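The data blocks that follow each hold one structure.
Below are two complexes that have subunit A in common, paired first with subunit B and then with subunit C.
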Partner chain A sequence: MSKKKNNQLSALESLGNEVVKQINKGKNPEIPVPIRALSNVEFDEKTKTVKLGNKIAARYFFNVAHAKKFLQTLEVASISKNLLKEEKHASLRDVFYMAKRTIPGTKVNIVDEQTESDSVLEDLELVTDLSREQLHVNANKNGSVAGKVVIEDKGDTIDWSKLGSGGWSIPSNVENIKFKKVAGKYILYMEKAAVWERLHEDKFWDKQNCIIMSSQGQATRGIRRLLQRLTKEYNIPVYVLTDLDSWGHYIYSVIRFGSINLASLSEKMAIPDVKHLGIHTADIGKYKLEKHLIKFKDTDLSRLKQIREYPWFKDNKEWQKEFIALKNLGAKAEIQALSSRGISFISDTYLPEKIKNKDFLY
Partner chain B sequence: MTKTIAEELAKKQQSISVSEFFTKNRHLLGFDNPRKALLTTIKEGVDNSLDACQEAKVLPTIKVKIKQLQEERFCVSIEDNGPGIVKAQIPNIFAKLLYGSKFHTMIQSRGQQGIGISASVLYSQLTTGKPAKITSKIGKNHPAHYYELKIDTKNNEPEIVIDKETSFDQDHGTKVELEMEAIYQKGARGVDEYLKQTSIANPHAEIIYVDPEGNKVTFPRASEKLPVEPKEIKPHPHGIELGIFISMLQNTNSKTLTSFFTNDFIRVSSVTAKRICGEAGIKTNESPKSLDRDTAEKLYNIVQKTKLIAPPTNCLSPIGTEALQKSLEKEVPAEFFTSVTRPASVYRGNPFQVEVAAAYGGQLNSEEQIKLLRFANRVPLQYQQSACAITKSVIDTNWRNYGLSQSRSALPQGPIILAVHMASVWVPFTSESKEAIAHYPEIIKEIKLAVQEVGRKIASHIRRTVRVREQRERASLFEKYIPEIASSLSNLTSSKKTDVQEKLNKILKKSLKDILRELPEEDKSDKIKEEGKNKHVKKEKQSTLGSRKSRK
Partner chain C sequence: MSKKKNNQLSALESLGNEVVKQINKGKNPEIPVPIRALSNVEFDEKTKTVKLGNKIAARYFFNVAHAKKFLQTLEVASISKNLLKEEKHASLRDVFYMAKRTIPGTKVNIVDEQTESDSVLEDLELVTDLSREQLHVNANKNGSVAGKVVIEDKGDTIDWSKLGSGGWSIPSNVENIKFKKVAGKYILYMEKAAVWERLHEDKFWDKQNCIIMSSQGQATRGIRRLLQRLTKEYNIPVYVLTDLDSWGHYIYSVIRFGSINLASLSEKMAIPDVKHLGIHTADIGKYKLEKHLIKFKDTDLSRLKQIREYPWFKDNKEWQKEFIALKNLGAKAEIQALSSRGISFISDTYLPEKIKNKDFLY
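Showing the complex of A and B:
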C-alpha cells in the first residue's frame, strides 16, 4: 500500500479513534464538522474567491436532532475505509446503496435519499481534509467537451476533435490528465447539454477555433477543475453561457468565485477572471426575444434577492445593474429562446457577435 | 233577586284535592314522565336514607332494587341501615304530603324539597292503585313494623291498609317498596348514572344496586369517615327575601327590634341594630309585630344597604378533597386524579364552598367533550346542564391554556371527567326542578378559580406524560442506533464492537437517569405553583441530553 493511501486510512481511523476516546471517557461523543452554509463563508478580497469560515458545529450522538447524521457520518466513513482497503472506487450512487438499509427493530433507514449520503460525504471531506476522490468515491461522469485538444488519460491518447457526435465525457477526477496539445482562442462553457449539441453539430469549435464544454445544470467538480487547469496552464479565457435567470447567474458565480457548499475547494476550482457571455437583459431587445420570455414566479424573485446580496456581488456595479434590470424585466429567458430566430442563429450570429464585440458581463 | 257574577262563580270555586294538584303539577315535583318518575322516586328514597344515616351517625349501606313487572310497570325497593322510624310516625312520613322537618332551617341539607317520598307514594297509588309497603325497625330489642299505606287524597291523610309486626334482617333500618308505572333507561340521565354519581358525592356510603335485568352492582365505600355534621345557623340579613323578613317580624319571640336583630339573625350587633333603626326612624324598643308592611320594607331596604360581616362558613360540610378524589378513583378508569377545595365564600349572605375533582386519561375517551358531573349538597344534578352556573364556569375557562382543545362556547374536548360540588346552606337553583345552579357572580368566580387550578394540575400532568413518552421514544431510538455506531467504529478503529456497544449503552443509561432525576423537581415546582395560586410560574426544563452547541 502506498504512503499516500496510508495517510488517507489514518485520517479515517483517527476520526474513529477520537469518537472512541470520548466514549471511553463516558462522554456524549461528538464529531466536529465545519458548517457549510452562507453563514460560514467569507469572500476573500485577495484571491477573489469564496472561502470557508472557521465555524464548527459539534455533531452529537446523544441528541435527537443530530443522532442520525452522526450515525450516517460514521457509516460513510466506514464504507470509505473499506473502499480504500480493497483499492476500489465507488460512485456516489454506490455509496448511497451501501449505506441504505433499515436499522433492525425500527422503521428508520440509515439513509433515505442520495442527497443525504452525498452531503455526509462532503462533511467527511472537511473532517478528514481529504477530497472525495481521495476517499475513493467518484461522481458520475457529467458533461461533454470538444475542441482541438489532445490529452492522455490512463495511458490512452484522446483527441477531443475526433470523438463523433458525443464528445469526450468529463470524469469526476481530472487531476491525472495530461494535456498533449491544446489549441483554441477561448473556452465556451454552457449550462445546457442541448445547446452544446447544437454547437457541436454546427462544428462551432472548428469554425471559431475554440473549446466547447457543457454540463447539465450546475458545473460539477470535474468540469470546474478542468476549466481551471486549461485556463491556468494555457492561458485561455473562459466564457460562460447561461439562461437569463438567478440559477444561471449562480452557475456563473460558482465557476468564478467557488461555491458556498464547497467553499473549501474554491482555491482548486475558482476562475476569478471568467466572463459571462449571455444571456443578458440587454440581449432581449437586441435579439428580439421579448416574446419568448417566461414570467417570474415568487421563487425566482426571492432567489434573485439572495444572489444580489452575496458579498461577492454586492459591490459589483455591473452585476448589480444587471440584477436590477432582471428584476424590472420580471421574466427569465432560456438560451434556447434564441432558436426562435432560426436553429443555427446561436452559432452563426449570436455567439460570434457577442465575442467579437466583447459583450460580456464581469 | 239575581245573583251577582261573583256569586255564580263562587259555586264553581272549591278547594282542590292534593291528588288533583299533584296530577296537574307533576312536572314541578319531578314526575313529568314515566322515566323521570322512576328516577325521582329513587332519588327521594336514597336521599332520605342518606339523611337518616347521617343524623344517626351510621355509615350508610343502601340497597336499591328495581324489578320489572310489566313493560311499563316496575317495583322499586330501597332499603337502608338507618335508625329506623318510630311506629307512630311511619304513616305520616310516607302517606301525608308536605310532612317533614326540613323547612326553613338554615342548614346544608340534601333535599330541601320537603315534598319528599310521599309524592312517590302518591304517584305509585295514582298509576297502579297499590299501597306502599314500608318496613322499619329501630333497634335490636324492638319489633319490626310492616305497613301497607295509601294516601287519602281528599284530606291528605294516611290510610292504613295493613299494619303488622314482621321480621327484619338488620338491627335497625327502613325499607320502602313501591309499585309504579315507569320506564327504565340507561344513560346519562338514568338511575344507573344517578347511583354512580351519588356514590361519588357520598364517599362514606355503600350502595348496592340490582337493576331490572338482575345485574348486581356494588358501589363500595371510599371512606370510612362520616361527613362533618353541617351546623344549623341563623339567617344572615343579606340572605333573605322581603317576604321572609316580614314573616320573621310577625313570628319572632323577641319583644324589641334590637333583640329581634341580634337574636334572630347572625352578624348584627346591638350597635348595628341601633344604627339601622335610627336610619329608618324607628325606635329600637318598638315591638317587631307592630310594624306595618311599608315600615317593614323600609327597614328591610336599609338592612340590605348596611355593611355587615359575612356569615360564618364553618357551618358547611364539604365532601373533602381527598374523599372526593378517592371516590372518582374507584369509579373511573383513568390514569391521573386531582382535586381542589376552595375556601368557603359567601353569596348574598349565604355561605358556600366549591370543590372540584378531576380524572384524566386512561380509558376515558379523548375524542369527545369532557364529562361534567355537577353536584349540589352531595346530590347529582342530571338535568339542565346548559343552564347551570357550573357549566358556564367550565365553559368560560380557557382550556387551551391547559393543552386541551375547546370550541367557542363549548366544553373542552379531552379524556377528562370533572366533578364539581357546591355545598351551601342554601343552593340557589334556577327553577323548581332544582337541576341547575343560578348564575351568581360570586359562585361563578369561585367555581372558575377551582376549575382553573384543576386545569393547571392536569396541564402539568399532560406535559409530564408527554415528556416521559418522548424520552422513552428517544431512548429506544438511541438503543437501536447504538449497534450500528458500534459496528462502524469497530471497522474504523481497532476497538471491539461489543466493548463500544456496552459503553454507549452505559452512557445512555446514565443520561436517562439524569432525566428521571428531574421529575421530582418538577413535582416540587408544581406544589409551589399551587401555593402561589394564580401565579403562573412555569419553568420548562431542558433535557440535558445534547443541546446544540456551536463554537468558533
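Showing the complex of A and C:
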C-alpha cells in the first residue's frame, strides 16, 4: 500500500482510537464535527473561494439526539476504511446499502435513507480532512475530453488526441492519473455534450491547440478535479462556456468558487482564476442572436436574484453589470442559438473571436 | 463524398424533386407521411420487433391545417441536405435553431418550439427511409465502454482495453466505426455508470472475457446501435442488467423490441435476442436482498400495469410471471443493493453465477 493510502488510513484509525480512548477513560464518547450550514460558510477574500468557518459542534454518543448520527459516522468511517484496505472504490449509493443493516438486537436500521449516509460522509470529510475521493467514495461519472494530452492511468497510456469521435470518458476519480505530456493554450469546459461533439467534429482542439471538456449540466467532481489539476500543475487557463441563464452562471460559480454544500472542499476543488467565456448579454446584439432569446419565467428571475446576492458575486462589478443586463433582457439564450448563424459558426467565428479579444467575464 | 452519402443525398433530393414536379403540373404539392401513433404501431411476430403499420397520411401545401408542417418538413430536409453536403453533424437543438427563422414577408417563424422540428425530423426519417443519424442529426451522447475490442474511428485506432479507469466515451453516432478486433463472449449493458465503474475496477471484462457498456438510464441511440452492430456483425450475445422496477424493464424493452416513438427504426435499432440478466424477483430471496427492497408507490404500480399490457410482453409467459411476482412483491430493488453483500459481490458472485446458470429472462 502506498504512503498516501497509509496516511488516509491513519486519519480514519485515529478517529476510532480517539473514541476508544474516551471510552476507556469512562468519558461520554464525542466526535467534533465542523458545522456545515450557510451560517458557517464565508467567502475567503485571500483565496477567493467559498470557505467553511470555524464553528464546531460535538457529536456525543450518550445523547438521544446524537446517538444515531454518532453510530452512522463510525459505520461509514469503517466502510471507508475497508474500501481503502481492499483498494476498491464505492459509489454513494453503494455506501448507503453497505451501511443499511439492522443494529444487532434491535429492529432499528443504522441508516434508512441515502441522505443519512451521504450526510455523515460529508461530516467525515471534515473530521478527517480527506476528500470523498480519498475516502474511496466516488461521485457520478460523466463527461468526455479531447486534446493534445497524454496520460497514464491504471497502467494504460492514453492519448486524448487519438480517441476518434468519442474521446476519453472521464472517470469519477482522477486523483491517480499521471500526466505524461500536456500541450494546449487553454482548456474549454462547456456544459453541453452536443456542443462538445460539434467542436470535436470541427477539430477545434487541434486547430486552436486547446483541450475541450464537457459533461451535461453541472461539472462532476471528477471534471472539477481534472480541470484544477491541469490548471495548477501546468498553468493552463480554463474558460467556461455556458448558456446565458442563472443555471449557466451557477455552473461557472461552482467551478470558480466552490459550492455551498462542499465549502470545506473549495481548496481541493475551486479554480479561482477560471474565466467565463460566454454566452454574455453583450453577445446577443454582437452575434445577432436577438431572435433566439427564450423569455424569462418566474423561476428564472428568482434564481437570478439569488445568485446576484451570493457574497462572492456581490462586490464583483463586472458580474453585477451582467446580472442587471440579464434582468433587463428578461430572457435567456442557449449556446446552440449560435447554430442559427451556421453549423460551425461557433468554431470558426464565435470562440476564436472571444478568445482573441479576451472577451471574458471574471 | 462516399457512395453511402450520395444515396442519402439522393433520397432527400428526390423528395424535393417530387414536390417540384407536382408544382410544375399545377397540382397541390403533397408529401406522403406514414402515421406515427400507437394506432399504427404493431408487433411484428416474425422479426419480434415493434413495427410501424401501413397507414399513411398525405401532407398538403394548400391546406390550412397542413401548410406549416409541409413547410417545416421541407426546411428540415434542406438543413439535413446541407449537413450531408458539408459532411457535418448537428444535434436536435441545433436543427431547431437553424430552422427557427421568419418566413420572408411575414412575422411568422418556421418553427417556434423544438418539438416541431423534432417531429418533422421523425417524419423525414420515415419519408426518406433514412435514420436520424444518416440524416446527420445526432442524439445525445452518453456512456462508456471497455473490453477486448479494437476499433478504428476518424483515422484513430482505439483499444477499448487500454483506456485506464475512464474507458471510451461512446459518441452519439457510431455508424462509421470500423471494428478491427473483437473478442468477448458477451456484452453486458447496465443502466448505471456507477455499476460500470465497479465492474471496471474489478477488471470484470478482463476476467470474464466480455465487453461492458453503460450510460445513465435509457440507452442512447449511439449505444443501441453499437450493441446492435456488435451482436449482428460478431454474433456476440447481449445481456442487460437493470434495477428491478418498471423503468428497468422498459430500458430492456427498448433495447430488445424498439421504442414506440421510433417504431419505424426497430429494424435498425432493435436487438431481438437480447437477454435480461437481472435484477429478478427470484434474486431477492436467492441473494438475500429482502432488507433492501424499496416499497412501491402508486406510480410504480401504474407503470407496471402499462408495461404488462404491451403487445410484445402480453403473450410472453416468462415475463408475465415476472410482472406478477413483482406486483406481489410490491417493492423494487436496485442493482446496488448487491453491495450490501460486499463491494465486489456483484463481480465475484452474482454476475458469474447468473451467466453460468443462464438465469435470464427472455
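To be clear about the criterion, the second predicted complex is superposed on the first by the 244 of 362 C-alpha atoms of A that agree within 3 Å, B and C clash if a C-alpha of one lies under 4 Å from a C-alpha of the other, contacts with A are read in each partner's own complex, and residues count from 1 in each chain.
Here is the rule we go by: a contact is a pair of C-beta atoms (placed from the backbone, for glycine too) under 8 Å apart; a residue touches a chain by one contact, two chains touch by 3 or more.
Model, not experiment: these values are computed from the prediction.
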Which partner does A:183 reach: the first (subunit B), the second (subunit C), both, or neither? neither
By the touch definition at the top of the document, which applies to A:158: first (subunit B), second (subunit C), both, or neither? second
Look at A:55 in the shared chain and tell me whether it touches subunit B only, subunit C only, both, or neither; answer first, second, both or neither. first
Return first, second, both or neither, reflecting whether A:344 touches subunit B, subunit C, both chains, or no partner chain. second
Touching A:74 in the superposition: subunit B (first), subunit C (second), both, neither? first
Give the label of whichever partner, subunit B or subunit C, reaches more residues of subunit A. C
Using the touch definition from the top, say if A:197 reaches subunit B (first), subunit C (second), both or neither. second
One more residue to check, A:86. First (subunit B), second (subunit C), both or neither? second
With both complexes superposed on chain A, which partner does A:20 reach: first (subunit B), second (subunit C), both or neither? first
Where on subunit A do the contacts from subunit B and from subunit C line up? 82
Contact set on subunit A toward subunit B in their complex: 12-13, 15-17, 19-20, 23-24, 26-29, 35, 54-58, 60-68, 70-71, 74-75, 77-78, 81-82, 103-106, 108, 110
Taking the complex as given, what residues does subunit B use to touch subunit A? 474, 477-478, 480-481, 483-485, 487-489, 491-493, 495, 500, 503-504, 506-508, 510-511, 545-552
Which stretch or stretches of subunit C touch subunit A in the complex? 82-83, 86, 88-91, 93-94, 96-98, 100-102, 138, 140-144, 151-154, 156-158, 162-173, 176-177, 193-194, 196-198, 201-202, 216, 291-292, 334, 336-340, 343-344
